[in-house]
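Heads up, the next two complexes both have subunit A, just with different partners, subunit B and then subunit C.
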Partner chain A sequence: MSWADAARRFDAVVIGAGTAGMTAAIALAQAGARVCVLAFGLGSTHLAAGTIDVLGAIDGEDPVRSPQRSLARLASARPDHPYALMGASTVAEALAWFARTFAGAAPRGYGYVGDAGRNMMLPTALGTLRPSALVPTTMAAGDAAGLDRVAIAGTPALRDFHPGLCAANLRDAGIRARAVQIQLDLDRADASALGVARRLEEPAWRAAFCRRLGAVLGAEDRVGLPAMIGLHQAAQVLADMEQRLQRRVFEIPTLPPSVPGMRLFEALRRALRAAGGTLVLGAEVSGAERSGGRVLSVAARSAGRQTRYRAPWFVLASGGLGAGAIELDSRGRARERVLGLGLRGVAPASAPRFVEDFFAEQPLARVGVAVDERLCAQDAPNVVVAGAALPGQAPWLEGCGEGVALASGLWAARLVSAELGGRCQATQRSSPGSMPGDAAKPGIDATRRPSPGSMPGDTATESGDRCQRMER
Partner chain B sequence: MGALETDLLVIGGGATGAGVAWDAALRGLRVVLVDRHDLAEGTSGRFHGLLHSGARYVVQDPAAARDCIAENRILRRVAAGCIEDTGGLFVTTPWDDPQYAELFAAGCARNGVDCEEIDVARALRSEPRLNPRISRAFVVPDASIDVWKTVRAMARGARERGARVLAHHELVAIERAGDRVLGAVVRDGRGDELRIHARITVNAAGAWAGRVALLAGIEGVRVLPGRGIMIATNHRLVNTVVNRCKPPADGDILVPIRTVSVIGSTDRLTDDPDDQTVHPDEVKLLLDEGERLVPGFRRARLLRVWTGVRPLFDGDRAQEEGGRRDGESRDITRAHALLDHGLRDGVAGFVTITGGKLTTLRLMAQQAVDAACRQLGEQRPCHTDTEPLPGSRSGRHLALGDRLARKEAAREEQLICECELVPRSWLELAIRQAASSDLDDVRRQLRLGMGPCQGGFCIYRAAGILHEVGELAAAETNASLRAFLQERWKGVWPVLHGDQLRQARLDEWIFHGLLAVGRLPAGEART
Partner chain C sequence: MPEDGALTGSMDGDLIDLRDHETLRASLDHCVKCTICETACPVSNATPLFPGPKYAGPQSERYRIAGRPPVDPSVDYCSGCGICSQVCPQGVRIAELNARARAELKRANGVPLRDRIIARPALLGRLATPVAPLANRLLGLRPARVAAHAVLGIHSDAPLPRFAGRRFSAWARGRAAPGGARSRHVIYFHGCGTEYYEPWEGRRVVAVLEHNGLAVTVPRQGCCGLPLQSSGMFDDARRTVRRLARRLARELARDEHAIVVGNATSCTLMLKREAREILGLEDDPDLSLVSRRTYDVCELLLALHERGELRTDLEPINEVVAYHAPCQQQGHLIGKPALDLLALIPGLEVRELSAACCGIAGTYGLKAEKHRIAMAVARDLFEQIRASGAPAVACDSETCRWQIAHGTGRRSVHPIDYLYRAYGLDR
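Right, the complex of A and B next:
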């Protein structure tokens, strides 16, 4: 028996369990594909703010007021940007898909609000304002557009949030912010936001917390707290606190690990499970079997042994430099570690990899796997690339990380679904030629799927036009 | 303008200047020490941490070797708490001339440097990462020394005896009346000036000593800045100081200091003592040499690189040999120079002490204060060879596990810097005592932000505490935060690769992505 026969077989294997990989996997599973996610570790959800940032800054507009409107300008200024390749309508559809999918999987009452039409400006723990398009229910009241008199509350027990500095910088932005500190009954001095989030789910502890907090509040109509308002029951905790304090309450993201990010990941995991997908965490892809450029299978080490995963399609959502999926060695050579794919965005060997200004965009910022216009790897036509592994973006300077992850994850799922067509295992159980549950499964709309084979927009130069042509 | 009256004014708060202040204060002199920046921010703090046994110099520079071993023995007593007794190894690698080992052993014997040859197998057992192809190994009494702790201990000891230590006071002018120096005018960070009248002024400005002498109208104090880079790894690759057994050259020392190991150094003459350039070819050289000492060095996590500028006293020879300025500086003596300007230039009340090495700082200070006492016509014997520094009275050496032991004993304390185990109470105390609002000064004092994450997690926390406890305005806190991020990045980016790049991306993610530091008020517009 050859190793290929021993492999686990799927319709698609997704590498990476960040927002992009989970999106691709959920959408594929919703469309009826047998899908497996292999992830070495958790993705950026646990590090990030838990918001869906679509577009926060472009040349000449910082902060961006409406991502929807500014996407076209970005596309013409940066034709290699993932958004330019996917088109603005894909972004809008991805956000809608996300809001629906999340609502179906998250605990009752906890969801995302907002849309790509307008960025909210949310306070950071430093007291700066950060643009986000979609934000969790627990952060919505922090939008600067509605902030007038606000109390920023913290506790000395939490080293990752400093209300004094936050409030002072908010005042500089014209918000009447005041810092308050309360003491907490905790059994350790170095409490984390996660620890407090768990305690706040205990009604008695929460009541005591609110009594202390209420006692130091003044005329403020809103209260900003570090992002720790419950982990599994955030909506109930928020509602109860707002009722007790008689004020709107909102969360401000703190240093990692991110409580809102954990809520996001948990909901995505539930959605994947509900759709019938498989998630293998702690599985490092250690090799691939290739034939004529195509990837036939990958080997992953997990639980002390190596397993082969065979599929006609792979989605590489392994992240970029930060995830270690793209690596730079001591001689300045960059390499894609998972499948050994070619890269784009690496300057010639003689050029510096970084510049001395910490606040400037680094020359290596936009490195990613070289892809064609369908976002398939140039070196491997059955590998679709999604998320931070895509070249051409600078996620946190442009404030576009989650938007790119969602849009490219959904893009990859549509492409793979369309390509699988009748070969999809699940499809074999239903009528050939059409995707099962097309009507029932939101988001995977047969009329809006990237077409198989060559890209119809190959010759198109207008990026805004590309999506239109693709949709036909 | 305020005014101060003192016996001795010391210009320069590096190891030498702090040593002079400590020595003079112990002799009962009134002392004022000034530095334009923080203590040990210049050459002293940009150093690999090696307390020489003298073995490095036994063949080429026996006088320097004898000074080193004598001072090594004294500092182990009086600065015990600043020194980790790592011991040192000299190893012959396949790239080193095997003949040198014989010269080396003979030189150690001749100059009184304790040296014992051990089996290569034993050397490899004690340092398993060393290149297994070494052919000989010698044990010598090298050690590592925490220079910030040493300088602060000397400054504290001087202060306890009445000295004024004025960091962040920049020299504006040296006051001179005829052939006598009367003191200096300095300016603090707010722009306020202070006139310091001194009976004797000591120029301990190291690589900047020539410039200071010029302010006193004295020419020809030729101090050539010898620029060298050093690179720190994220943990210790060795626990013993490891030297190549060969004539001193670039990248031939690996020093375990505190939580890291440091490979050093390169050596290039420069025109400007403030030159902090890091050339890619120098980085390459250190990595290649590191690979010879410890195979796999190129795959180690490199935290950062920095540049130190050695003060190389060139006497008056530089005037004759101008052409040598482009070359290597290893052929210029590492010995120190004491210039009594009363004898040398007919300018009384002014003494320059420069050149030398950190290991000989105490001797340099002693000679400078001896010269000052001669000029004052006072008999005041030196006590620095017997009087322990504050924090060193127990005679106990530093140990790597000290901070961990402390942390384990005080579990109720909040850690602000997890890499370097800095508790909140240390940070609050440092902020309350600080002469400036500079987070970088706090770093030198506590090692805050010096570990693998290079401030990624602790600097937001420290800024918040600086704002609250230090009652600092938000604008100043923001400026300090931004400056600290830029200062950390300065050392990170020229050697950034491998896993440290992942860390750097996480730090960028925190500051740009989560905290939107680029959107701070008064911040420069992003491009």
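Right, the complex of A and C next:
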């Protein structure tokens, strides 16, 4: 370190810019903390469907009808599940926080519908039905509960979406579905749903698109399209198309790039910026300075050097095996790559690492960073773990990815806020989006769980120490 | 677990160097075709002529053979903004791979005369400075621009800066011996933009640094070679950047406390990383030294502030300013230090813009066949600027400032200008 170097100082540093990391960062910034998100590229939002899946299945049973009612059963069946540790009320509050935050940051008219009381069943690109609790406005009409006669429309230009396959599988599920194709000249070597989404925001192009589509529709009262109904003006594009086609229109999630996922990320990014948080993209965390188990600072790769980020608290929201934040080496050893933290859920060395059935629960499915009951890393008490890095869950089988991300992101923000204590209250009082809360004071004692539903400012008095930002 | 105080990862330069040796091509294996780069590419989102960073990059790279031209010439439409590499969750060096493919293409197809001219700002500046009034008149004449468009392919509507007529280095030579602490030695790297077009920006940078007690020297320097590199003339770019690195390294070697500081954010990025990585100069000892000790001016000032060593005798500026972080500034991977600095100035209302790129990408937007693409890329930024209501736009890169002024009619200055005024140094 020369005289020209200094660690950047924050109240909290969040590692990862997926739904969990962004939630933690936004909620912390809203509470008045100085927050920085370090992200090794963009992640989960751009690859996932853009829905908020809370709980879709428990141990391979039939799809969950009501996540809210099933959470207790999950908690007793799997006491190590993140939902079991956080409690159903945290999940409900996180969904409410999300709905509010998203509405404040998304383009007018575009939002999420639904709640944790009932799962909607949405068609996938393969024509199977997938349970989801909160879905974008543009997907709502796809809920199987309201589907009777539906046209599934595609175009040969989008080579990853096959309306015939989708419609055939929907028919097997008892829905009268018919596939239609329209020709589109996208003038692109590599057409994607994103390219169509951008073109559909041009009124003339959209009108021509609707004319072609309208010409091949029959008696169907709904039309399913790949998720490409506009990027920045999705609500307006949807309304216009429904008016032109005289039918309800809905989106079916596609292979990446996920347009609804991009809309989700852009709203979260806007919310973070509005709350005063910082996001550094491309900054791979490559080392940490530690003392007595605590993480004092992390180093992130920057041009020519590394930049150090110092904070009393860190939130690890780097994702799990799928994101590459936890990896398995050729000897079958699992490792947490960002901070080198200990893992939970790794089978003994003698046990098989994989099972034959691809769709069965793989032995490593529930691996994650070993945490205590506050979701702090066992190896590092000032690192709160959020999202897919948490052990005990199998998001792909349980359909719980976004629900766990939101709940644990909010949980992490509350815990860190509480620990930072009155130091942030000055700004918190004036922050626009305060948290849902009651008057309970979260536990600071490491052996107690923080009670859900409170932010420090909710109970702090005006006479507390005024500290908006950490002293530099 | 590691011992107390131990580093679990590398924090020193040698290990960074080691990892940089992992060749660009090896990063290809990490591409999972997730298309995240394509969602963020400002160029492919504005024109079908560039099919996208994944398509032109990791996907096409499989068909490329070293020393042979790429099978798909569309990679020439990549502007080199580098956003694809920033957003890639797998660490694939997409922009860097595409820059190399572009150079292969130029090697095979030849470099147009136009590129040979506009990629040499130092040569242009040296030639035009003595006759600046004439050169500026000429560049301001519509018929001359139309002719340049027809003959050379420099778009007649592209923003061209005016020659200042007096070089920054001439002012610097006439300066009194630097004051400030000897242990805090800044070697000021001004770049071609400051040298020939905006010498006043350099004087402001020096004033702000000296106001903070730093000893500023301005040794003989030159172009960093970035325009040559982005136009695919790698051999010339290597020669140019190595000459600069040699000069700067000599100064650094003389004084262990010295650092290199620049206000041209793409030129400092060239010294920090791009020359080494894209031009394959990882082993160049001069560049290795310079790369580790080069700072963007806002990066340095914010570091001083983090240490409690930045002077905060800042007078209020009761104005509104929008801030655009150029793509190349984001390439430093240090966040937006200018925002934190501007936030220190009382009364100044800063509106952060979120557009990724202004489109100009150095010389890209000057080229006749690319100017319209550059303007289409800029649309998002220009709309945000107009919506912000701010009469001025702070921005770290000179070519972006010219593009912003050209496209919005608003004043665009380096963020350092606001510190300069708030310190009262303009009086």
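Criterion: the second predicted complex is superposed on the first by the 412 of 472 C-alpha atoms of A that agree within 3 Å, B and C clash if a C-alpha of one lies under 4 Å from a C-alpha of the other, contacts with A are read in each partner's own complex, and residues count from 1 in each chain.
Note that a contact is a pair of C-beta atoms (placed from the backbone, for glycine too) under 8 Å apart; a residue touches a chain by one contact, two chains touch by 3 or more.
What you see is a predicted model; the values in this text were computed from it and never measured.
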### Task
Mind working out whether A:Ala57 is in touch with subunit B, subunit C, both or neither, as first, second, both or neither?
first
### Message
A:Gln246 in the overlay: touching subunit B, subunit C, both, or neither? Say first, second, both or neither.
### Response
neither
### Message
Tell me the contact category for A:Gly324 with respect to subunit B and subunit C: first, second, both or neither.
### Response
both
### Query
So, does A:Arg198 touch the first partner subunit B, the second partner subunit C, both, or neither?
second
### Task
Could you look at A:Pro256 and tell me whether it touches subunit B, subunit C, both or neither (first, second, both, neither)?
both
### Query
So, A:Ala48: does it touch subunit B (first), subunit C (second), both, or neither?
first
### Task
Examine A:Val280 and indicate which partner it touches, taking first as subunit B and second as subunit C; both and neither are also allowed.
second
### Message
Under the stated touch criterion, which partner chain does A:Gln183 make contact with: subunit B (first), subunit C (second), both, or neither?
### Response
neither
### Query
For subunit A, which residues belong to both interfaces, subunit B and subunit C?
47, 188-190, 256, 323-324
### Query
Touching subunit C in the complex: which residues of subunit A?
2-9, 36, 40-43, 46-47, 186-190, 192, 194, 198, 256-257, 262, 269-270, 273, 278-293, 299-308, 323-324, 339-340, 342, 379, 472
### Summary
The residues of subunit C that touch subunit A in their complex are 1-2, 4-11, 13, 16, 34-36, 38-40, 45, 48, 51-52, 54-55, 74, 85-91, 183-184, 257, 259, 269, 271-273, 291-295, 300, 302-308, 330-336, 352, 354
### Contact footprint of subunit B on subunit A as seen in their complex
44, 47-49, 57, 62-63, 124-130, 156-157, 159-162, 164-165, 168-169, 171-173, 188-190, 253-256, 320-324, 327-332, 353-362, 395-397, 401
### Task
Report the residues of subunit B in contact with subunit A in the complex, numbered from low to high.
287, 298-299, 302, 412-416, 424, 457, 460-461, 463-465, 467-468, 473-475, 477-478, 482, 485-486, 488-490, 493-494, 496-499, 501-502, 505-506, 508-510, 512-521, 523-527
